[in-house]
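Order of writing sets the chain letters: A, B, C, D, E, F, G and H. Residues in each chain are counted from 1.
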Amino acid sequence: DFAKVDHQRQLRTGFPEVVWGPGKTPEQIEQIVQALAVHNPVVMVTRVEPAVADILGERIPLLHYYAQAKICALLQTPLQVKHPGTIGILSAGTADLPVAEEAATTASLCGFKVEKIWDVGVAGLHRLLSHRALIQSMDVLIVVAGMEGALPSVVAGLVDCPVIGVPTSVGYGTSFGGVAPLLTMLNSCAVGVAVVNIDNGFGAAMLAGQILRT
Amino acid sequence: DFAKVDHQRQLRTGFPEVVWGPGKTPEQIEQIVQALAVHNPVVMVTRVEPAVADILGERIPLLHYYAQAKICALLQTPLQVKHPGTIGILSAGTADLPVAEEAATTASLCGFKVEKIWDVGVAGLHRLLSHRALIQSMDVLIVVAGMEGALPSVVAGLVDCPVIGVPTSVGYGTSFGGVAPLLTMLNSCAVGVAVVNIDNGFGAAMLAGQILRT
Amino acid sequence: DFAKVDHQRQLRTGFPEVVWGPGKTPEQIEQIVQALAVHNPVVMVTRVEPAVADILGERIPLLHYYAQAKICALLQTPLQVKHPGTIGILSAGTADLPVAEEAATTASLCGFKVEKIWDVGVAGLHRLLSHRALIQSMDVLIVVAGMEGALPSVVAGLVDCPVIGVPTSVGYGTSFGGVAPLLTMLNSCAVGVAVVNIDNGFGAAMLAGQILRT
Amino acid sequence: DFAKVDHQRQLRTGFPEVVWGPGKTPEQIEQIVQALAVHNPVVMVTRVEPAVADILGERIPLLHYYAQAKICALLQTPLQVKHPGTIGILSAGTADLPVAEEAATTASLCGFKVEKIWDVGVAGLHRLLSHRALIQSMDVLIVVAGMEGALPSVVAGLVDCPVIGVPTSVGYGTSFGGVAPLLTMLNSCAVGVAVVNIDNGFGAAMLAGQILRT
Amino acid sequence: DFAKVDHQRQLRTGFPEVVWGPGKTPEQIEQIVQALAVHNPVVMVTRVEPAVADILGERIPLLHYYAQAKICALLQTPLQVKHPGTIGILSAGTADLPVAEEAATTASLCGFKVEKIWDVGVAGLHRLLSHRALIQSMDVLIVVAGMEGALPSVVAGLVDCPVIGVPTSVGYGTSFGGVAPLLTMLNSCAVGVAVVNIDNGFGAAMLAGQILRT
Amino acid sequence: DFAKVDHQRQLRTGFPEVVWGPGKTPEQIEQIVQALAVHNPVVMVTRVEPAVADILGERIPLLHYYAQAKICALLQTPLQVKHPGTIGILSAGTADLPVAEEAATTASLCGFKVEKIWDVGVAGLHRLLSHRALIQSMDVLIVVAGMEGALPSVVAGLVDCPVIGVPTSVGYGTSFGGVAPLLTMLNSCAVGVAVVNIDNGFGAAMLAGQILRT
Amino acid sequence: DFAKVDHQRQLRTGFPEVVWGPGKTPEQIEQIVQALAVHNPVVMVTRVEPAVADILGERIPLLHYYAQAKICALLQTPLQVKHPGTIGILSAGTADLPVAEEAATTASLCGFKVEKIWDVGVAGLHRLLSHRALIQSMDVLIVVAGMEGALPSVVAGLVDCPVIGVPTSVGYGTSFGGVAPLLTMLNSCAVGVAVVNIDNGFGAAMLAGQILRT
Amino acid sequence: DFAKVDHQRQLRTGFPEVVWGPGKTPEQIEQIVQALAVHNPVVMVTRVEPAVADILGERIPLLHYYAQAKICALLQTPLQVKHPGTIGILSAGTADLPVAEEAATTASLCGFKVEKIWDVGVAGLHRLLSHRALIQSMDVLIVVAGMEGALPSVVAGLVDCPVIGVPTSVGYGTSFGGVAPLLTMLNSCAVGVAVVNIDNGFGAAMLAGQILRT
């Protein structure tokens, strides 16, 4: 009644509907998860705070909580790679990891191979350049950065695959909760940069998935 | 001296450097075009106003001006489709055509097949739904919309390929020069939506190209 | 002394003054409710947090608390439909329900018939289209949506009655606390869309009431 | 090709599609007008600058230009009132007249009776109060105001019909092109205020029409 | 060391330095109050939260806390009216009272006569108009309003003395923490409106004091 | 018809209605001036561009144009000082003169004595300090400043009369058309600072007049 | 793994990498500190809340916590002045001290001599002018100010060394979390003003260090 | 009268007052230049449009116009290097040259040695890295960039001297007239980055001068 589960989503877009946790009571989340589990081998809930995950874990024993990514998942078959290609995920700083892990966990749960390259921000360029070959071997890149958010621009100038920029709310003052890195990414001089919402690791992973399935 | 042409661009990213016209004198543009033409069969200049195009046309007789797209191009070999797949380009309204044409012209010049579907904004949903099969057969979609910019969300809910949303500055008052459709696209509930800068038809086409070449 | 109750409101506008809860102490709210109850069969207080509702409930035993809508109401006669016509209330997602319920509860308390259609956001258009006939039979529509807020535009393109768009603060990052859906609604290409403040379910219901009483 | 005329609009919403002039060439406008004229007795184009109106007037001799409202209209039957009720249109200052006239002309062309009450801003309240009886006799009100935009709030406190606030870009400095009156109207303490986009006299008239037809 | 008390303030501006409480530890506030008390009969601290007031009250027994105004004051001589003229203070709604009381308490402590007129917002204009004679007899007016903040404009159109508008952060959504009423007041069509910072009841009172001493 | 002249303004507020020029045709301005001239010895029109002033000058031969202030005035009696006290007007830079002159001309036309102190911005503090005695002898000060707009704060710390800060749109980049100096003035640490709209020299003069008449 | 310590930073820029505390778990901070301590005599962590400092203090006994500056530092050799020149640090108000102390502590830990001049805001100019000689003897100045942030402009007009302006989030309402003083500093009429992010005392100290080492 | 020339500026800050051209009439500029020329060997006017430069050139025959920098200068002694050290000036793109040249011309006129490195934006990193040794040999760097403005961050990570970031208004859409690169620079992860106003090449050069004279 409070939710109309979109059972056609899997057919239409290739992925099942994913539940957005905020603003739903644990009871509502539980009911939606149960409804989705009837038709889908993998059910995911994003943005779940630890306290809510505890309540859900008691009601749905098989539900697994990925704490850093804040994702709950119900896996009815063992997780495996289902699609060709690899998604490289880069983060600029350690504080960006929750968003980067949201992307990595989402991509893995959707059946994609993931390569993680953490803490390679532009203030010390040699860290990025020392991973150049690995980065250039990826099929699509998700680049997560807060503060000035310059990493996607620099990376896109080094590779020939699509780069998905994810601005994060990491920073203070004039980062304005992620607006600064968002604008940086939207104004990138380098070509091939796609941008998603601030902190939207989930959306970046789904977009990377759509690209690899193209 | 005033410009360091990036001759590695083609090797590194698969496309030659494209010249951004604004803020350059016709003399500067001419010199950069000549320098690029030595190594690249196709040279493009974007955002060229008609008066500038006239001056350039006199100096570089082979330069062609795509008036609606505001692109000048020097083609040293006949244009042909070089990559598999089709890029579908949708526009919400007639006033969005300059941006949609910038995307279409760029994509064609880079060797991609393009399908154009104009004036299918959400205020009359039947117009969009009547092209559903065609839209669903595309490999990647560029969706151009101003005002409220809702079209990419609705389209992304109908297809399983990546959707690149291009907000335009078409509108008035609270469209704030394209901020309204930009925010709409960044906050899309539908998954698989990549966003680029306001009026950036060029960038959308380059991103679509990177996706098809993946 | 701290409040001048507007006893002419009922005569002038057809509805009694409604108390806005925030920034008032429980003592102040109690006194205003008692003053209003002398002249009005229905007294409403909006935006009442549960803890405040508890205090008020102890002091005014007949006060009823609509928890999801965060409305306290004192009903001195049984609630009944007093006006012709039906107000259809649509919500885009489950997290928008508090705002949608504020609208629904307000409308019911003011004597209007309400039809609720929850969780029909544009990312899965078939959910909306499957309620098309019901939606088209309404006399006025309140459409509640957060994130990109595209639902009012799409709905207004399907019906010939006024559509009141209520943007909500549901979302994150570039939703900017409801600014994104607000701009979407203000820039709607579809005609017949009225917009109210972010999260203002109360105001939407009052406006719908004025429209039905026209 | 560049436009898909929405011939179902009249059936679906009760009004024919209205052409938005900006961003279209005179040629494009002419073709759309001709296409619409086949099925609709009244065809309207909004936001037409005088120079464009001249060109169109030469090509479509029957096209009439309402200069202050910047509307072109093709009337194939004499204009008459087709709907019951009266739309009162108030303007706060003389500089708001172009927007107020856009509303008035649109409403008249759509078959509604209009009453105009100009220059009754709140800085001299007696001007408004001296029209109180006339204002209270209207069925729906459109209130057009720039600068601080306080007029809709004050008016809505005096009447029991819906009030449509139209913020205008009249002002300077912190009016921010109409943002100041927009915010004033969205935050109105008075109930029954619907808001539309800045300078959107057209949309206000269409909304008033939908309300009267309810 | 952490503070250089401005002992010349009384001589230079007619009022002693007033301590701004936020961001200071209770220890710092205590020391500044003691330093100021040597030279000034009245010492004031603004924006003091109740918990801080408790600590201060224990250390400085004669310190009085005006709870609604959040002001602590050390009065070494009985409070009395020292200046001719009366400051009228109006508030639009009950939730604006803390700011209105900050103004009233500051003015009284500085030796001015104050008249309070609460809850006379523009949504019920008769409430304001019924106090017209009293309001017109004031020498300077402080008008405190949140939400749309239209009250100073309306009042300034009724009187011939200066009106100091104080926007408050009362409201939600597009009130943007007081930006909406601030813009309304800055764009006032009525003349004679001075504006101060959002929630700055203190500054309004000091300005009113300077005006009366002129 | 297009304007309702507010003949009560002089009685109610002590000054006649002043015509705001922008958005009015020369014909409209002429008619309003003629209507006002019947009852008022001084009629003023502000923000009149030179070309409009020329047209008006031909139609109303006695109309005088103050070019730097962009004010047209019809003086039916010789201008003289009618009120006690002096208004000091300071400008920070040469580019702020049009706004400062708008204030000075308005004040003079309304019968006030004016003292002008130009180009005393804070970057060279000795220029301001060398006029200290003169500034301290004024009854009310209008301080006009663009760019960072720090002058009113510094001045208010030196005097004991009210200071009216007028932010100007002089500057570039992050001055954001006057927002930077506006915020500076609203956040002034010094007490006794009243703020008006960006570039609103007229309003500052009217406010100064109300203060002096108190 | 979660962090790639930038061991080249000391060589490249003259200072070791400094750890930004927010968004890191105490465990992560501890590991990074230990890794940096192998190569660097001084290791610093900024923006450490007291509770985190307690945890870290238990794990790394030699770690010192500068409470007002919120900095943790591991000093493996006694602190001493290593560079010629003095950095003068001015603060406008007492509430700006945490930011000013962040700058002072950072500068001291990096081996610079620091002179502190607190609470010399422009509202009482004599406080600043009485330190004129001391201020003019500094080699570089860091000027910390919230609210209107006018102090750097005034100071830069008095000295011939570079002035680094640090806007703080001290203030309320239209200070917008430090945006007001940021804009003031960026628009300074005085020359020689460098600006850093809001509340960025750390960055100001590092910049001052780079300047002194030039 | 309209200007108080700051003859102490040279003594106080080491550079004469520089005239800001906008908002001054050619007559005013001429008089100020003549007044300054009495005491200063070099007089500069910034932001002079070509048409104004023509008028000035006729009145002051020795005035030289640097067209790309939009600077007029009166040189009464031959220009020579007066200070030790070199200022390196980098620009990201060709369209940033006017701002970069404003910095270069200002620095040269003030007696500094300048090294220009144009068009080394981050989208093709090899261009920057190939000038690494030259860049690292500079004493202070001015880095001019529009669009995403990432260049100062990347450069500051490669050098150990101060980096002055100058955001430019080059770009479109979400560059918001230079706000995007401004935020990028303010949020730089690399240390040692000073920021000045958008397009403020002049201020950057003056700041670099102050640094070199330290």
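The criterion applied here is as follows: a contact is a pair of C-beta atoms (placed from the backbone, for glycine too) under 8 Å apart; a residue touches a chain by one contact, two chains touch by 3 or more.
On a predicted model such as this, the values are computed, not experimentally measured, just so you know.
Ranking A-H and C-E by contacting C-beta pairs places A-H first. The angle needed to superpose chain B on chain D by their Cα atoms is 90 degrees, rounded to the nearest 5.
Averaged C-alpha coordinates put the centre of chain F at 35 Å from the centre of chain H. With each centre defined as the average position of its C-alpha atoms, the distance from chain A to chain D rounds to 45 Å. Residues of chain F in contact with at least two other chains: 12, 93, 123-124, 157-158, 173-175, 179, 182, 186-187, 191, 197. Under the contact rule defined at the top, the touching pairs of chains are A-B, A-C, A-G, A-H, B-C, B-D, B-H, C-D, C-E, D-E, D-F, E-F, E-G, F-G, F-H, G-H. Residues of chain H that touch chain F in their complex: 1-4, 6, 8-9, 12, 17, 20, 22-24, 28, 32, 167, 169, 177-179, 182, 197-200.
Of all residues in chain H, only 92-93, 121-125, 147-150, 153-154, 156-158, 171, 173-176, 179-181, 183-191 touch chain A in the complex they form. Of all residues in chain F, only 12-15, 18, 85, 139-140, 157-162, 164, 182, 186-187, 191-197, 203, 206-207, 209-214 touch chain E in the complex they form. Residues of chain H touching chain B in their complex: 93-98, 118-120, 123-124, 126-127, 170, 172-175.
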